[in-house]
Structure formats: structure tokens, C-alpha cells
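I have a structure I would like to understand better, so I am pasting it below and will then ask my questions one at a time.
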Amino acid sequence: MAIDDKVGRDAWEKLGDFFRARSIWMMWYCTGCGAIEMPPTMTSRFDMERLGMGPMATPRQADVLLITGYLSTKTLRRVIYSYEQMQDPKYIVAFGSCAINGGIYFDSYATINKLDDYLPVDLYIAGCMPRPEAIMNAFNTLQQSIRKGEADGWKRYKKNSEFYKENQRKAIGEVFVHDEFHE
Amino acid sequence: MTNSTSNSIENLKDLLTKHYDIKEFEEPIALQLAFNIDKESALDALAFLKSQGFGQLSLLTCIDWIESGQFQLVYILMNWDNGIHLQLRTFLDRDKPVFKTIQHIYPGVKYYERDVHEFFGVEFEGNEESYQHLFLEMWTADPPMRKDFDPVKYSDDKYSMREYTTEFPTKIGGK
Amino acid sequence: MNLLSIITILIVGGLLTYVVSRMNKIVGAYMTIIISLATLAMVLFIKSQVGSTYSILYFSFKLTEVGWYFSFVLALTYAMSAFYNVYFTDKLLYPHTYSMLYLLSLGGSIGLFFARDFITFFVFWELVVWSSAFIIPLGKSRKASYIYYVISTMGSLATLYAILLIYKLTGSLVIREAFVLLDVSLGESILIFGLFILSGLTKIGIFPFHVWLPLAHGSAPHTFSPILSGGLVKLGAYVAYISVVIFPAYGAFSSTFMVLGIPLPIYLLMVLGAISIVIGTLMAIRQDDAKKLLAYSSVANGGYILIGILMKDQIAFAGGLLHLFAHAIASATAFLTIAAVAYRTGTTKMSELGGMIHRMPITYTVYLISIISMAGIPPMAGFVSKWLILQGLANQGLLFISLAAFFGSIGSFLYVFRPLSAVFLGQLAPKHENLKEAPPLMLIPMILLTCITLFVGIFPNTVLESITHIQREAGINMLELQQNAIVTLNGYLNAYHVFVVFAYGFVLALILYLLMPNSRRVGLMDTYTSAEFIYTPELLHYAHDFYAPFERLYGKHPSTLKLYERLSLKVQELGTFVDYAFMSHRPSLTVFWIMLFMSLIAMGGVVQ
Amino acid sequence: MTLMNFFNALIFVLFAFFMQTSITGVNRKIMARLQKRRGPRWYQQFLDIFKALSKSSISHGWVFQFGVVMAVGGIMATVMFIPIGDFRAFPGTDNIFIISYLLAVGMLGMAMSAAGSGNPWASIGVGRALTNMLAYDMPFMVVVVTMIFAFKTSSVGEIAEIQRNIGVLGWNIFRLPLGGIVGLICLQGMLGKKPFDSFIAPAEIASGPMVEYGGRQLGMLFILHELMTFIEVSLIVNLFFGGGATLLEYFIKYFIIYTFANLVSGISPRFKIDQAVTFYYKAPLLAALVQGFIVVFTGWGVTKWL
């Protein structure tokens, strides 16, 4: 599928987006403090499964990666490695102010401030941990944007990948860590 | 229970003052004793205390007194028989902070020394591993816990900030 | 071109090969290939001369249907495994004796199958036992050869005793008449039946006598293991055939207690077969060495063959004989593939191997098809034979034996999958990075055997045809074969239909698969490791303790080998006591014995 | 083996897929109601499968892809052998042993491609799946052998026929009560439902064999799972509940049994794999053997029945 901004989606991708909008599998990677909001969203009061969303164990099977809170440099390396293991088309939803502008950890030497420079974010949810209502509303918006084809974070990542790679290198140096714990 | 431990703290104090010239003792809370000791006799004090029943080294940490240009190493020991915690504190010079490893006394101190080296830059001769990183991955700047390290400046130039364009409406009901 | 020429060519050829390979090893190895291929061709050629008898010196042969079937299976396994001799000669200590014994054992077994009287039968039986006993120590361990020789001689001596007993009772040595003339009491017929079948049990490796099989197969030279498990195990099946079909076992034991229509002695043997299936499967699941694993699977499949032959009815008997053929091919192929891997990597330990498929794809496919047949999965020959055996057991209502049979067939999924995943799939270790595929001369027999397994799996009637001839010769009502379907009392199997529908399903799945966006090739190490960076493939390869939770269930199991060792210790103690009591020169002992006898005589009890 | 047979077979496979997938969707709603939530739409399972098929995917080598196609092909072939009422895609091939061994082709194909992905989670999952198969198949096969011995036929369709001739009381669940109970317990193992699904434990071994599948392989494996469920449940329906004379009757029985299995799975914990093996080798195997002895030696329930 040749990807460029201007050309619309071909029929095959439109059909795909129809299915992808109604059945999104969430990767089970709780990167920050917002992950505690997921259980109430999944269980009986809010029931995420009504939207056709559910948790899946591995990046290969998942569609959406939830960045639920601040991202330290070490976590960011693992998030980037998992994101690249996910299958296209994939989406990213960032929870809370820490992903938007660093939040209360803006001055820390270990956490990044603007997630958008390192990973293509499709949707931000404001709040210093958004409550399940906000999360459900966000998932609805995500589904509409997928249906309309606006959730093209994975296309942006592919298209200007050297922009992202450059930012990643500047912030965290090498993604693949070679030290005594991993050799 | 308390009178036996209180007199054991007393005879602990006499024991220590007999061996080393310790000016004064502090008792921050019950069952806890803190005292300062000079760098040279700190090592054999630790060995001596281990033989007195202080089998557990709970913590090794470092305090950065930047005004007086000194690092202060704090060893917290614990005696399981009478439950006494003991803080052994020594001062190091801030510019060239060097101390000896005590792995032969408390083997568990290996990772504490590595942690203190990573965050303060204190060298522990004899513990070659302490020169590697423990928590920080691929860290190139100088140790972050030192007071002369400015995290905000580091964070600003390493991690890009989000620019906010501030065009709020000048007056209520603006354009 | 008749039977005598085959046997003479083999015996003389064997000695000739010894001389030739003395001069040049490789030529000796090629000689074994040529001669065994010639034997295979001749065996196929003499199929038309069934029924004729020959005699030479003291030996007399009779060309029977069952003899032809067994020798065809043997000749096929020998011919195919001979191709490997060329590559393994330099690894052997005495390659010339190996080539000679290789051909002598083939000659012995073919002579055995066509023996008309007991003397020829026993002579050729000993020829096979001796030649294989001397080949096994050429491999890794001598101890395996001792144990093998002791157990099989115990069996053959028992058979010799039975033969002499029969000769005394009936006065005739010809196999087919001697058994018929036997009209003796129940006890004596049980004795003769038990003694005669004992050598069969030891050769197949049934429960109490299975101890030698894993040791011998596991440590035999790589090219001889396929023959040991594919070929020589079948000699025991031939003895079982004789002792059940030619010796009127069902008639002689009709007066004993009948278990669901089967006389008790035969039912006990079937229970032994069932136990050896269960033990073979459980032990095979635990093994880490691929060859030992396949050896234990031969113990399990030997149990199937014995049960099939002992049933002696329309369905299970044919199943037993077909399983003999299918297992011979499947386990020979599996051993050959493991030998190819061992030739390239030098080890058969599963925990040291991994990811062979990326360097030896053809060997992988051959191994896959052979284990599909060994596990008894549809499109292959193994399925048809297991189907027949299970139908026969279900028809007879033998619950315990069918339970063991199912345990064996489902258990076989576990132990056949273990080498597949530990040796061929999984991570490729860097030290195996620049391995090459097996040499071409090794690929020929593997591919040939795979095609045979597949062909017999789709058109089983080609082999079942000759099995019905055996049933006619043995006087059992023949299996009903339609165009290429098998019709039995309570089941219908058209293997060709099953294959066609399987292929149809495969095509449907392939079409659906190809419609979708194609997949991007990704390296083996780029896999989900909970977002951690791992760089050592050996550590990421899962091969050690593959079925750990299941193996823990029967961790502390009693081992028959230790039982025998304790037994031998007891015998030694007895020996030392006797030596001390009677053989020593101490006067005190002689005085003691004299006093003892005097007192007995005095009591007067000894005289009359 | 005319062309009509093949066309019928294709229709049959599609019917089996759509019926089972919609029943799974309805069951997901029932499971949700079990946990006091509303649950997804009934056609959510279709959406999941077609979404998975529409995504791009990775491959770890030719065996990784060939195994999946072989597995789904084998299972599609098995579905063609299942009889419903008097409808049989290929007459005369619905032998129990062929069906249960062709199921093994599906299992082996998936096992081969999972191990081919080189991920240790997958190999652990496959090892557990095969051990699980060794556990639940023993009691079930003993019951199957008793049935073959009792009814003198091993074709699934004829067994269902025999039961239907005597009417409702002729069902094997009543004639061979112990056998029926063992069949339902083994169904729980066959489907890989909750008490016996340690081989796809999502948190413990990252969903076992499915760890490296994404995109079209995952979609194909979902289809495989649906078809396998169809085969196993329809086996139980035909063997123990008299199969369906009409399609509607068959559908009702099928739905009740599958929902029952789902409800049992909804409320039960997960066995460790060796606990599952010891569980199956205690009570169910004993019950199956007792049932077998009753039928073989006394003939109650088979020859002496109303």
C-alpha cells in the first residue's frame, strides 16, 4: 500500500478500517501510573468490551498501545522496541499530562517531556490520570478517527522515520541496550 | 525489655568511646544510636561492630554537604539480638571522595557502593564493579544526585519541551 | 534366480566385502549398497515363485507368503540404510568387519524367514544374533552389546529347548508338520508355546525384556540403529507369528479360561504388550538423546505389533502386520534423519541442537512426514495400521488393551514432537550457523522412504493385498478390500478419500491465506521477550526438560535394569557362599558335613 | 466423490464457521452478563476475525506459515466429515477414529508453526497443549471404544441414527450415563475451556502458542479455533445426544451444550497442567472403565434397554 498524505484510502483499506474501528485489541503494557484506570474501564461498570476492545498478551496481536503516564528513558526504550514489534496499522493513545508536556516530572533528568517527538501519538487524554469516563470517551473518539482514516500515526512513523529516529537518538542514545544484564 | 536494651546502649557507648575517640552520641529515636567517626578508624570500627553482633548492614548512603565541601557516608547497621540500629557516619573530602570497600565485612554492600558511586561519584577501592552503572542506562553526564548537578538545565536541553503559543483573547469575548 | 541364489550372494558377498573393504573402506561401503539393493530387487523378483521349496547342505527352505513379506520389509530397510555406510565408515573402528556383518545379518534374517525346518531356523537365527551383537560395540558402549547378547541368547536357548521338546514329541523337524502333529496335554503345550515365543519377546523388546533395546539402539553406530529398530525387531514378530498361527495356539488353549474370547496365556502376552506400549511411551517422553527416544518408541510400537499379531482375527491381525511395515519405514527414516543431523553436528543430544530447519530443510520435511506416520496421523501409513488395530480391539471389547493403545498413540504425539521442536525448530545456535544440508547420497534413501510412507498411506491396499494372501495362507478369513477402501465389521476406511479431502481442505486454507496481505520476513531473534533485549539464541532455545510438568508426575519410577542388577548381585552372593561352603580346603567344613550326614543316616530317615 | 460432494463440503464448512462464530459471539455476551457487564455485539467475533485478517503480519520462516495453513486445512477437512442429521458431505467417511486423528493434524500443524517461531513461550505452550491432549483423550476414547463395541459401528452418523430410532430415551446420555458425564468433562478439556486452558494462559506464558501470531496468521488461528470447537461439540452432540434429525433440533442441542461448557468455564479457575493430567486420570478414567465393564460384561443400557 503506497502511503502518502494526499491520496485517499483505497477500497481495501477502507474496508479494513471499518473492521479495525470496531475491534481494537489493547497491548497489555502498563507503562505508568494510569494503568490502574484500566481495570475499572474493563469491568462491569464501564465495560470496554462493549466497544469491541479487549486486552491482548503480546505486541504482535495488539492494535493500540496505551502510554499510561510518565515515560522514563529506560521505559521509553522498551516502549519503542514493543511499538516496532506491533503490526501495522497500529495506534498510540497517551494518558495524562506527563505524556503531553512532562507533567509534574518536567524537571526530572530521567523522564521525557514531549512524547510526540519520539512516537506518533494518535490521541491524548488530558488529566493527571483521566478517569474511566474520560478513557471511554477517548476510545470512542479513537474509533471515529480510525473509521474516518485520520488515525494515521503508523503512517507518519513510517514516512518521516528519520525525524523520529533522530529525536530518539538525541534523547536516549541507543535503543538496544548492551550491558552486563543483557549480554 | 527496655531497661535491658537501655543499659546495653549504655555499655555500647562506653565500649565505643573506649576504642575510638567519638565526641558525642545522638539518639534520634528509641533503640537508635548515631555517631560520627573519622575516616581512618571507620573501617575497623565496622569490623569491630560486626563482631559485636551487628550482623546486618541495612543501608549505605551518602549526603552532599556542598557548603562545607564534604560528602558524608552513612552506614546503618542492625543487631538482631537486641534490636539496636546504629548509624556510623564518616566525612569524605568532596573534590576527591575516595573510600575503601567493605565487601570483606558485609558482602551485601557491593551494590550499595555501586549505587553511591553512580549517583555521587564516590570511589570505593577494591570493588571493581562499582565503576559500572546500576540503575541509569547509558548515562554520560556527571552523577545526578550531586547538588551541583542542575536537572532542569539537563532536562531542557536533552528532552524537547512542548511550545505553547499564547494567543489568549485580549479582552472578554475577544476575536 | 531363486531363493538359494539370494542367500548365497549375501553370505559370500559379505565375506567378499570383508576382503574388499580391507583394502579400501569406501569401496567396501559401496559394495554393501550394491549387494543390499540387489537383494531387494531379487526379493521382489521371486514373489511369483511362492510355494517352492529348496534345500542345500543340511538346510531346507520353503518360500512362503509371510516369509516373503517379512524379508521384503527387511531388505527395504537394509537397502535404504546402506546408503549411509559410505559417510560413516571413517568414524567406525573396524569398518571392514562392519560391512561384512552388515550383509551377514541381512543374509541370516532372510534365510530365517524362509526356513522350512527348525535347524535352518535356529542356525540362521544365531547368525543374525551374532552378527548384530558384534556390530553394536562398534558404536559408543560395549556394555549395551553384553546386555543385548545375554538377553537374546536367553531367548534363543529357550527356543532351542522348545525345538528339541517338539522333536522328541513329534519326531519331525519341519516347522509346518511338527506343530500340527503335537497332541499333548494343556500344560505341555503352554510350556512349548511359552518357550518358543520367548525369543520373539526378547527380540521385539516386550516389557520384562525391553531393557537392552534403548541401550543397544542408543549407542549402536548411527547407520545400524535404523536397521536395529526398523529391521531386526521384526524377527521377533516372525517368531510371534509362528507361535500363534502355525502352532495352533488358539486351539490348544481353548480349554483354558477365556477372556472375551481370547485364551488366558495369549491374553497375558497381550497385557505384556500393552505394558510395553505404556512404558515405551512414558520413557520416550523423558529422553534427552534423540536416538534413545526413538529406541523407546520402537519398544512402544513393538507392543502394537505383538498385540496385532496375537489377536489373529480378520482386522487386528492385518493391522499388526501393516504396522510392522509402517513402523519399519517410519522409524528407519526417523533414525536416518537423526543420523544425518549427527553427521553434520556430531551430537544427537537435543538440548545442544536447535533450529536445524534453517540449514537442513529437506531433512526436516523427511523427519516431519516420518513422525506423522509414526504418530498415526491420517495421510500416512501409520494411521491405517493403527486404525485397523484399534478397530480390532474395539470390536473384541478389550478395554484395558485399547486404553494402552490409545495412550501409546496420543503419547506418541508428545515424544515425536520433542525432537521436532528441540532439534529442528526453535533458535539456531551461532555455532551451527554455517551448516550445510545432508549430502546428496543421504538424501536419496530419505526421500525414497518418505514417498513409500506417503504412497502406502494413500493406497494402503497395495500392501494389504499381500497381507490378505498371508491371512489366506494362515487360514484366517481375509480382510475385505474394495477398490481402495477397507471394509470391516464395524468400520469403513477409504484412505484415498481421506487424503483427497485433506488436500481439498489444504487448498481452501491456502487460497484464504494468500488472499490476505503477505507477511514480512523477520529474524528469529526479533521475537516477543516481554520488551527485554536478549542476544544469546542458545539461552532462548527451549529444548531442555521439554515436558517438565508431565515428567515430574512419574519422576521416581522403578527401573527394570536396576532390578536385573540387584538380581545379578544376589546370584553372585549365592556363588560366593557355595564356593565358601563346599570348595574350600578347611578341614573344619569337611568334618561338619561328615557329621551332618552321619546324624541323618543315624536317624534312619535318609535310607529309603 | 463427485464435484457435488466438494461443493456441498464447501457450503458445509462455511455454514459451520458462521454458525459457530455467531454462537461464540452470543456466548461472549452471556459470559459478560455472568460478570454483570453488558458484553459486546453478537457479531463481535466476526469483526475480530476479519480485523485480524486485514492487518499486516510477520513471518519467522516458511514453516511458520506452512504450519498454520496445514492446521486450518486439516481442520477444514475434518469439518467435512462431521454428519448433521442425514446430511453428509462425503458419505461413509465419518469414522470416529478418522475425525479424532485428523484433529491431531490441526494440533500438530499449529504446534509445528508455533515452535518454528523460535519463541520459548510458544514451545512451553505447545508442550502443555500436547500434555493436555494426553489427559482428556484417555477417558473419552475408552467411552468411544465401549460405544463401538456396543453398537457394532464406529461411524458417528450411524450411532446418532441408532439413538434417534428409540426416541429421546434412546440418547446415550441416558443409556450410558457414566459415559455421558465423562464425555462432557472431556469436552471441557477438548475445547481448552477454563479449567484446562493452561496452555493459552495469557498472563503466565503470553498466550502460549499464539505469542508470535499477528495479522493473517492470527485470523486463520481464530478460524481454526472456531472450526475445532464446532467439531468437538458436534461430536458430543452426535455421540451422546442423538444428533439432529432436523437442522433446528441439532442447532438447539448444539447451543445448549456449548453454552453449558462456557458457563462451567466462566466460573472455574485454571488447573496447572500436571493437576489437569492427574484430574483426568482419576475420576473420569475410572468412570469410563466402569461404564465399559458394565456394557461389555452385562450389556445393560445396550442390549437390555426398553
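All chains are identified by letter, namely A, B, C and D, in their written order; residue positions are counted from 1 within each chain.
In the analysis below, a residue touches a chain if its C-beta (ideal position, glycine included) is under 8 Å from a C-beta of that chain, and two chains touch if they have at least 3 such contacts.
This structure is a prediction, so every number in the text was calculated from the model and none was measured.
Asker: If I average the C-alpha coordinates per chain and also across every protein chain shown, which chain's average lies closest to the global one?
Answerer: D
Asker: What whole-number Å value describes the gap between the mean CA coordinates of chain B and chain C?
Answerer: Each chain's C-alpha centroid was found; their separation is 72 Å.
Asker: So how far apart, in whole Å, are chain A and chain B when each is placed at the average of its C-alpha atoms?
Answerer: 39
Asker: How far is the middle of chain C from the middle of chain D, if each middle is the mean of its Cα atoms, in Å?
Answerer: 35
Asker: What whole-number Å value describes the gap between the mean CA coordinates of chain B and chain D?
Answerer: Each chain reduced to its C-alpha mean, chain B and chain D end up 63 Å apart.
Asker: Two or more other chains in contact with one residue: find those residues in chain C.
Answerer: 526, 528
Asker: Where in chain A do residues touch at least two different other chains?
Answerer: 58, 60, 177
Asker: For chain D, write out the residues touching at least two other chains, lowest number first.
Answerer: In chain D, 54-58, 206, 211-212, 215 touch at least two other chains.
Asker: Which two-chain combinations touch?
Answerer: A-B, A-C, A-D, C-D
Asker: Quick one: in the complex, what on chain C touches chain D?
Answerer: 260, 355, 357-358, 361, 364, 368, 372, 375-378, 383, 387, 390-391, 393-397, 399-400, 402-403, 406-407, 410-411, 413-414, 417, 420-421, 425-427, 485, 489-494, 497-498, 500-502, 504-510, 512-513, 516-517, 519-522, 524-530, 540-542, 546-547, 549-550, 552-553
Asker: Note which residues of chain A are touching chain B in the complex, please.
Answerer: By the definition above, chain A touches chain B via 73-74, 77, 100-102, 106-114, 116-117, 167, 170-174, 177, 179-180.
Asker: Over in the complex, which chain B residues touch chain A? Could you list them?
Answerer: The contact residues of chain B facing chain A are 132-133, 136-138, 140-141, 144, 149, 151-152, 154-155, 158-162.
Asker: Under the touch definition given earlier, write down the residues of chain A that touch chain C in their complex.
Answerer: Interface residues on the chain A side: 29, 58-60, 78-79, 81-82, 85, 176-178, 182-183.
Asker: Chain A touches which residues of chain C in the complex?
Answerer: 526, 528, 531-536
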